[in-house]
Amino acid sequence: MDFPGLINYWIVIILMMVGFYIVIAQGNLIKKIIGLNIFQVSVFIFYITVGKVSDGSAPIMAAGIDTYSNPLPHVLILTAIVVGVATTALGLAMIVRIRTAYNSIESDEIERAEILEDDK
Amino acid sequence: MFRSIFLAVVLFLLWLVLSGIYTPILISFGVLSAIIVAWIAYRMDVADHEGFPIQLSWKAVSYWPWLIVEIIKSNIAVAGLILGSRENIKPILIRIPANQKTELGQVTYANSITLTPGTVSIAVGENMIDVHSLSKAAAEDLKQGVMHDKVCRLEDLNYPLPKTK
Amino acid sequence: MMTRHTILRVIAKFMIPYILLFALYVQFHGDFGPGGGFQAGVIFAAGFILYSLIFGIENGRKVMPPWLRRALLSIGVIIFGGTGLFGLILGGNFLDYNVLLENPVAGQHLGILLVELGVGITVSATMITIFFVFASQDQ
Amino acid sequence: MFVAASIAILIAMLLAIVRAVLGPTIYDRILAINTFGTKALLLIATIGFLTERPEFMDLALVYALINFIATIAIMKFFRFSHLGYPQGKDEIGDL
Amino acid sequence: MAVEVISWLFVGIGSLFLLIGAIGLLRLGDIFARIHAAGLIDTMGLGFLILGMCFYSGFTLVTAKLIIIGIFMFFASPVSTHALSKAALDGNIKPEVDEDQRPDKRRLGAEE
Amino acid sequence: MLLTGISVIFIRNLFAVVVLAGMFSLLAAVLYVVLDAVDVAFTEAAVGAGISTLLLLGTLALTTDKELAKTKIKIIPLLLVIFTGSVLILGTRDMPNFGDAKAPANLHVAPRYIEESMKETGLPNMVTSVLASYRGYDTFGEVVVIFTAAIGVLILLGQGYRKSRRGSGKIINKNSGEAE
């Protein structure tokens, strides 16, 4: 395996797995949202690293520079970040409602409360 | 109202400094933005004598160099304290008077205290400021009241000089 | 008014106009440097949030009442869509800016400017709305 | 020269992260994030000079701005455990 | 050439103070002491680095923006520091001090 | 950066977790600057470090900032995560090297944007011209998404919410009872 050339992907993957672990293994809903954010950021970094060109510069025209990084991933990620914050807001709003309904933000407790309700 | 207009002019100057591109369309956007922001500021009621202290501007210019020299001096002292042994660090809490007439003056004073490392103003009350200081020397310096008098003079040129201890 | 605590209020009063101006600067210079509608919207909202944090949500509401917020929310989308539709009416495709003016390059420039403005308005209105909704809940 | 400066900033950032993770009280963490923001600002500026395109100073300015607002918001939240207006008291601008 | 040397010098001093501040952030005993170390970073570190960069870039728009950043931090950093220390005091954290020269031990302006 | 991410798992005080998340976001933004994505870094700094932190804090204020369950390593998810990670790392062997100008992603439409956008739109910032002109449809859809999210939050936490609480006999402060 080509060590220095691929290290960016490995970092991305480790980061992604950390986020993934938080999402599936943590009970707390707010932690889950943060895990989701970490996962998201890892995907963003993946896109940006793919678009990076060695010796390239930021894709804003200026005199005397002729290698630019790929602007397309930047555009995609730019929109993705804002959509990400919109979804985060929506998720957090749902957490607030869940809290008023079940008086808890731990997923196991919510499950328990639901079972209790079904039994009635 | 006068202040709002003046604020708009200042904002437009800031725009020119930031922009760096002087085509007619962008300059007209600049005028527009400055007017919009000044109007919002007028609605928010932030462009009053506290929010936009033009009455102080000239005196402030004479105060800042002195403050910067003070900051550098105390910085070196604090750096020595951090690198030195732990025994030298003797934190101290003091309460010092702040007889500035306006709240703006008090704020300037408190901020100056905080800006000089080694002393942090932790609470501001009526005519009093609580200060946490990293060493006794810095606290003694503050008690001398040099900075206090400077800020007072900044506020009003005719301020009678209080007796310095 | 004898409020006990003054530092934040005074400094916030001093800084808010400049933050808002900076937001507008980012908005209109997105074509030349980093920046654009998204960033400008968020910074504008941040300046506004600072105001509401320090002077209270009620004052923030007075400066920007709910109807204005909701109107801005839709106006942004309408500007964006309207620009696209205008291109359609003038004989181009949806969101085709070449036909907006005689000169295609100038048309592109105008189109991009309008679109960015729409994005900025929507984003800032969204952020302010979400903040107000979250902050005005009681526990 | 800017390489040395950015390495110094990176080391300082690392120390700030250590403080944030260790931080016995919540205030230590807030302090850490505040200084961390300052360092990020400086790092952006130095990187601008390193890559010889220093015209992106707007970025650093945004950092300063957002850092300040975030710190104020965190403090406000922590004092009242609410982002809204503290009701019933004359506490406009208090923190 | 002389300008370059000056800018080197300033950036060097700035970095040095930055590092000292960061060490202080780790080393000092309690939160109130650490605030002083952070103040070191905010004033000397930032100020000198920005000054050095100003000299390096010469008389351009970049310099203007750097100066704006400097002025902004000049106003903003004491405010956040002050807010932090006040909140810490309200949060019932007792500063470790050698002597407390305040007449009464309550914080100023506290209602209670 | 990894350190902050991992420590998010172990700290039980949610408030500290939020602070660390803000730090994580700042670091990501610095990384974007290093990778030449100035516009993205701009957005990340404003959105990730500013607005998201605020929103998380708002949620904490409305719920609770203590995590109840003790954090322990759960074996099955950990194994799953390690397995997925190793498969992905194996998959990267076919990926182009970092910074490779000949990578497939950089050969498709990007050269055209870089060459032509200045001539076609007259704007030096390619990201803006691609965002608003070439990819205008995407951006339009995305603005609509934000709009929808705002409406969604309003529906979830706005007027209807208030009414139901008022119906339950709880006294609501006059100042905060405004319909959103």
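Here the chain labels run A, B, C, D, E and F in written order, and each chain numbers its own residues starting at 1.
Keep this in mind: contacts are C-beta pairs under 8 Å (C-beta built on N, C-alpha and C of every residue); 3 or more make two chains touch, one makes a residue touch a chain.
In this text the structure is predicted, and so the values were computed from the model without any measurement.
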Both chain A and chain F are touched by which chains? C, D
Using CA atom means as chain centres, which chain is nearest the centre of all the protein shown? D
If you count the C-beta pairs in contact for each pair of chains, which pair comes out on top? A-F
With chain centres set to the mean of the C-alpha atoms, which chain is at the far end from chain A? B
Hey, how far is the Cα centre of chain B from the one of chain D, in Å? 20
Which whole number of Å gives the spacing of the CA centres of chain C and chain D? 24
In whole angstrom, how far does the Cα centroid of chain A sit from the Cα centroid of chain B? 41
Sequence positions of chain D contacting 2 or more other chains: 26, 30, 32, 51, 55-56, 58-59, 61-62, 65-66, 69, 72-73, 78, 81-85, 95
So which bits of chain C are touching at least two other chains? 4-9, 11-12, 14, 22, 32-35, 38-39, 43, 46, 49, 55, 57-58, 123, 126, 130-131, 133-139
Where chain E touches two or more other chains, by residue: 21, 23, 35, 61, 65, 68, 72, 75-77, 79, 81-83, 86, 108-109
Got a list of which chains touch which? A-C, A-D, A-F, B-C, B-E, C-D, C-E, C-F, D-E, D-F
Using the touch definition from the top, list the residues of chain E that touch chain C in their complex. 72, 75-76, 79, 82-83, 108-109
Within the complex, chain A is touched by chain F residues 1-2, 5-6, 8-9, 14, 17-18, 21, 24-25, 28, 31-32, 35-40, 43-44, 47-48, 51-52, 55-56, 58-60, 62-64, 67-69, 71, 74, 77-78, 80-82, 84-85, 88-89, 92-93, 95, 97-101, 103, 105-106, 109-110, 113-114, 118, 124-127, 130-131, 135, 138-139, 142, 145-146, 149-150, 152-153, 156-157, 161
Chain F-touching residues of chain C, taken from the complex the two chains share: 30-36, 38-39, 42-43, 45-46, 49, 57-58, 61, 66, 73-74, 76-77, 80-81, 84, 94-95, 97, 104-106, 108-109, 111-112, 115-116, 118-119, 122-123, 125-127, 129-139
Residues of chain C defined as touching chain A within the complex: 32-34, 38, 123, 126, 130, 133-134, 137
Using the touch definition from the top, list the residues of chain A that touch chain C in their complex. 58, 60, 78-79, 81-82, 86, 89, 92-93, 96
